[in-house]
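Structures follow.
Shared between the two complexes below is subunit A, which pairs with subunit B and subunit C, respectively.
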Partner chain A sequence: MSDKSTQSPAGRASGAPFYRLRLFVAGDEPNSVQARHVLTRLCEAHLGGRCAIEIVDVCEDFHAAIEHGIYLVPALKVESPPPARTIVGSLSDEAKVLHALGIAGKGVEP
Partner chain B sequence: MHHEKQSPNTTNPFASGDEVLGGGLPRARTAIVNGGPGSGKTMLGLEFLYRGALAGEPGIFIGFEEPLDQLRENAATLGWDLAALERENRLFLLGGHIQPDMLTSGEFSLKGLLAAASGKATEMRAKRFVMDALEVALRLFDTPIQVRNELHTLNNWLRGAGLAALLTVRPGVRGGALAFEDFFLSMGDCVIDMDVRMVAQVSTRRLRVVKYRGSGFESNEYPYVITGSGLHVAPISTVGLRHKPLGEKITTGQPKLDAILEGGYRRASCVLFAGQPGTGKTILASTFVRAACGRGENVLYISFEESQEALTGNVRNAGIDLQPEIASGRLRFLCQFPEAMGAEEHYIRALADIEDFSPAHVIVDAISACERMGGKQASFDYLMRLLNRCKEKGITILLLNQTSVPTDITGISGNEISSLVDTVVRLDYKEGFGETTRLLSVLKSRGSAHSNQKREYWITDQGIDIADPYLGEGEVLTGTARQVQEEKDRMEAERLEFEIRLKELEIERLQTMQRRMANGIEKRTALRADKPLDDTQQKG
Partner chain C sequence: MSKDRREPNELVERLAQAEAALDALRRGEVDLVVGPDALRVVRLKPLVEENERLAREWRTTFDAVKDAIFVLDADQRILRCNRAAEKLFERPGEELLGKHCWEIVHGTAEPIPECPILRMRQSLQRETMDLSIGDRWFEVEVDPILDAKNRLTGAVNIISDITERKKAEKERAVLHEQLQQAQKLESIGRLAGGVAHDFNNILSVILGYGDILLGKLHQQDPMRDEVREIVTAGRRAEALIRQLLAFSRKQTLQPQVLDLNEQVRNLEKMLRRLIGEDIALDLALAEDLPPVLFDPGQLDQVIINLAVNSRDAMPKGGKLLIETSAVELDKAYAAAHTGASPGEYVLLAVTDTGCGMDKETAEKIFEPFFTTKEKGKGTGLGLSTVYGIVKQSGGNIWVYSEPGKGTTFKIYLPQTEEKQKTREKIVASQEISGGEHILVVEDEESVRNLIKSALTRLGYSVTLAANGGEALLLVEEKGLKPDLVITDVVMPNMGGKELIDRLRRTYPGLGALFMSGYTDNAIVHHGVLDQDTPFIQKPFTLQELGRKVHEVLASKPS
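So, the complex of A and B:
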């Protein structure tokens, strides 16, 4: 079933949003593995643990893929904060991921 | 040819395409359907699944283009309740549409889709699979290598899943071959091209099987239509070898015409009535209809020129009441204007009635109107197919042809179908002696003796009445003319013989004369020889 790795919701101070993320992967294929690594690193570096990541392996839980309409994998679904968005791919373009998450890149924080 | 096949093709993928595909779409194989917008490829895919679901073969549809609700609505117009099949887990529709809020970062693949399809297929024990507008999904990938990888993954999955798969794609725009097109063709065990074109202002859909690994198929183009009951393909070259032999003689409904034809028309034959307007073709056909219905046989009357009411009204004036036959359900009319639809749709409709009603006889009134379906080719297509189908099913077919001027037999049958016509009954007008007479003649009657003399006939309020042989017309009296000629020749021979005899006698006379003259000369010479001798004796 789905592999849950929720990080402790620490550092909720300063009104910074809490992220609910769901990463859809397809087993151990290279893009999925890469996306998993990138996401873990970005969350640690930029969200300071202000996030809950659920990892769904569509090979094991195809119902989840159908339910969420996820057919391209890997795919990162940002469920909160709004607006809902989906980032498809290995997340190798980290700047684009951060932008999509509403987090500016390192060193250019407002 | 529709032969028994060993390979387990899935049956009845679409209404009549099995024939073209030599038995159906391949089981556990992949078929690629190549078709432009409006070609009906989505419909073909849906029909494949719909019929499968009804036949106990559940199926999965993945569409990348049309919204699923729209598909369900379209299917509903054909009377297909997809939602019900979905509830019963016999059909699963999946919309692989790209969400508008989607962003990309790095590489991705269609594996999620395959995982969903794979899981669902196992869950519902699916046997059939359709992916519609695959090129839309493939456009998400930036490089040809990625596209090829995706197709490889898909292909491997399909091979492993053991599903009868149908993938539809839109061909590359204006010859600009998409990177995956060649790969597609090699991936498909069966490749079908579908297209829509305008022929003589009538839109015509054509289907062609380009390739079918390990299976016999018809490589010609076939017209097809999407009708109220799905997609219908009208193959033409598969027919011809399955014609039923001509049957027994059946009455024409007119005893004197029966006599001319030595018993009547032959069952399962093709009879052509050719004649100018007003020569009574419809009446003659109706005479036959009434006789056939009277025997308890069904007749389908295809009228291109008159409505049922107008036609039955007209023949009633000639004493033929078809109303009882209509009421008994033995006579059915199919009245349509030729220009109302394309030739293939006309054919499909006629075919639907033939299948449904099982007529023993079909009347087409008139084949001369068929050109209005979209030209000569359309008319030929329609008639050839209809004729072939009737011949296959052992149905007698009466073709009425309205001719403008008396012509030869090809002109009479028109449409180059004369080789399939077994009997030709010609109806003519003849002017003369201040009146117009109608003349009937049988020009051809295959597999049957018949009189070829012209007969005068009348259209009365009791139907058609035919007179006894009319002997005044020179051109058809080949029999008499021949006799006259033979008599002449015989006389000439006798005359020549007599002349020879005369000459012989003359020669004899001349020879005798010659002999006599010769004798005379001798005698006179002898006399002259004696005389001088006597003279000398007298002087000495």
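So, the complex of A and C:
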């Protein structure tokens, strides 16, 4: 099962990149729950409406994980803008996540 | 940013991803590992948490051990150490890790020759050694860590503080030594006492008949000098035997309630003459000293003997200090001193500034015939006499000495709650017989006959009995009614005291005079007769016997 949520497309006109994100989670396992919270917060704070997040629960659809080459869950796959990248873990290190998204976090080098 | 960094090659990228994945795994941020099918999904978080919990638990346990522990690799480098190890070597763990254990434990550049790990490498089993660090003692135990093929891969090194145990062992050794010493003195005393007892009877006969012979010889008889020599030699032997008896605690004491200070003050003048002008005598006598129960004559002998000993230790002069004080010995003191019991004591300390002695000499000093003086200068009985008297009186004596510094003898006498009696002066009496009838009970035939001979000469009528039973027969069955019974204290079957008690049932006011070479604990409690019991110590002169008999008869209620 996948949850798809698309933020407001208002940002598209500004020329800033639109983010296509896929978050692989394992039901309500603690790291997965945390990853979901962190990602939602970061997107709201830093991306505005410029992102579409698809949540894939591997417990219900593990084939999706295999198709995407995901072996450790939770994992965040940044599908666009390129290059494609994957961040494994609960996303607790927010600065690192922002860096991976190409957004310089506070006090973090780009 | 360089072009290479902007376009990382694929391998570097993959490695970076793998590292990031491992990092997430290590941090426990992964919930699942996805396998080729859904059933292989593994939940990792609980495993990581369990792993962390076990690691914490291990660390807590490791740190809770009060002994210092090092886990070593095969080269004796420290892989892990617990908090006790950090504390013992006063360094944080990170400074200890990676170092060779000998650098930390011994401060050396290589293992010490007696290193237990060197032995453990051969034996592949626990090896130990005792080690002193500063003023403390430690036991080092090393256990090998072996792999499946029994090859040494490391070691566990446990360092335990055993200072208290070492201290206790040392104290036990001292106590054991003291006990052995006391037992040795006890057995020498028993031997000496036994010999002295038999000698007393023999001496009584020699001296008694010597006296009789002297009495019979004409004043001008040329043989008088020879006989007098025999008697004089006998007297010298008698003095020696008395000292032996004192040491063996077999002499008869007649203790009184005494003020130790008064006793010392009475002796002061005599002591000053005894020690000579080159030695200064200081008295430090505590006020309000509690009384002690002690035979006054014996106490004088104790003080004089110690003073003589001190004098001889100070041939070039010095200082002699006699101190008294009231002290309380606690349980700890008693536990550390064999034979001592906790309680309230009066301390008599005699200290000199003489040549002192080493430990070996001090251990032997109370043994009879042990002397450091030149041949002919001392009998070696002075301090053994002191020892015996003090012990028999329920006290303890300890010697503290250092070569070149001097010696202190400390005597602890139990305090008494009895009141001091005014000493009655013995009025010299004349030994004139009124022809009284005396029953003599003595198991030694030669002594028995001697006493009869002597008393008959003094005008008494004498009946002899060889033992208590014979005496009872004479009095109770044959109606003998003596004015006085002279009896030996120690006799087979019935002792003198029991005999007199029996006879007094028939004649309540019967006069009794006890005599003994020594007293037996079983008959007279600790060899001590009541203060007022008439007693004569063997061997005695005929004059002494006559005087004593007269005294007892004179004091008898008519």
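General observations
Simple rule for what comes next: the second predicted complex is superposed on the first by the 104 of 110 C-alpha atoms of A that agree within 3 Å, B and C clash if a C-alpha of one lies under 4 Å from a C-alpha of the other, contacts with A are read in each partner's own complex, and residues count from 1 in each chain.
Rule of thumb we're sticking to: a contact is a pair of C-beta atoms (placed from the backbone, for glycine too) under 8 Å apart; a residue touches a chain by one contact, two chains touch by 3 or more.
Everything numeric in this text was worked out from a predicted model, so none of it was measured.
With subunit A as the common reference, subunit B cannot sit beside subunit C without a clash. When the two complexes are overlaid on their common chain A, residue A:Pro74 makes contact with subunit B and with subunit C alike.
When the shared chain is aligned, no partner comes close enough to touch A:Thr40: not subunit B, not subunit C. After overlaying the two complexes on the shared chain, residue contacts for A:Val58 are found with subunit B and with subunit C alike. In the superposed model, A:Ile66 lies in contact with both subunit B and subunit C.
Taking subunit A as the reference chain, the count of touched residues is higher for B when subunit B and subunit C are set side by side. Contacts of A:Val97 after superposition on the shared chain: subunit B is touched, whereas subunit C is not.
In the superposition on chain A, contact of A:Ala84 is made with subunit B only, not with subunit C. Once the complexes are superposed on chain A, the part of subunit B occupying the same space as subunit C corresponds, among 23-31, 77-85, 113-121 or 491-499, to 113-121. The intersection of subunit A residues touching subunit B with those touching subunit C, taken from the two complexes, comprises 26, 29, 31, 58-59, 62, 65-66, 70-74, 86-90, 92. Those residues of subunit B whose C-beta lies close enough to touch subunit A in the complex are 94-96, 99, 101-113, 115-116, 118-120, 140. Across the interface of their complex, subunit B is touched by residues 24, 26, 29, 31, 34-35, 58-59, 62-63, 65-66, 69-75, 83-94, 96-97, 100 of subunit A. Interface residues of subunit A facing subunit C in the complex, by the touch rule stated above, are 25-26, 29-32, 58-59, 62, 65-66, 70-74, 86-90, 92. Of all residues in subunit C, those touching subunit A in their complex are 17, 20-21, 23-25, 27-34, 36-38, 41, 43, 45.
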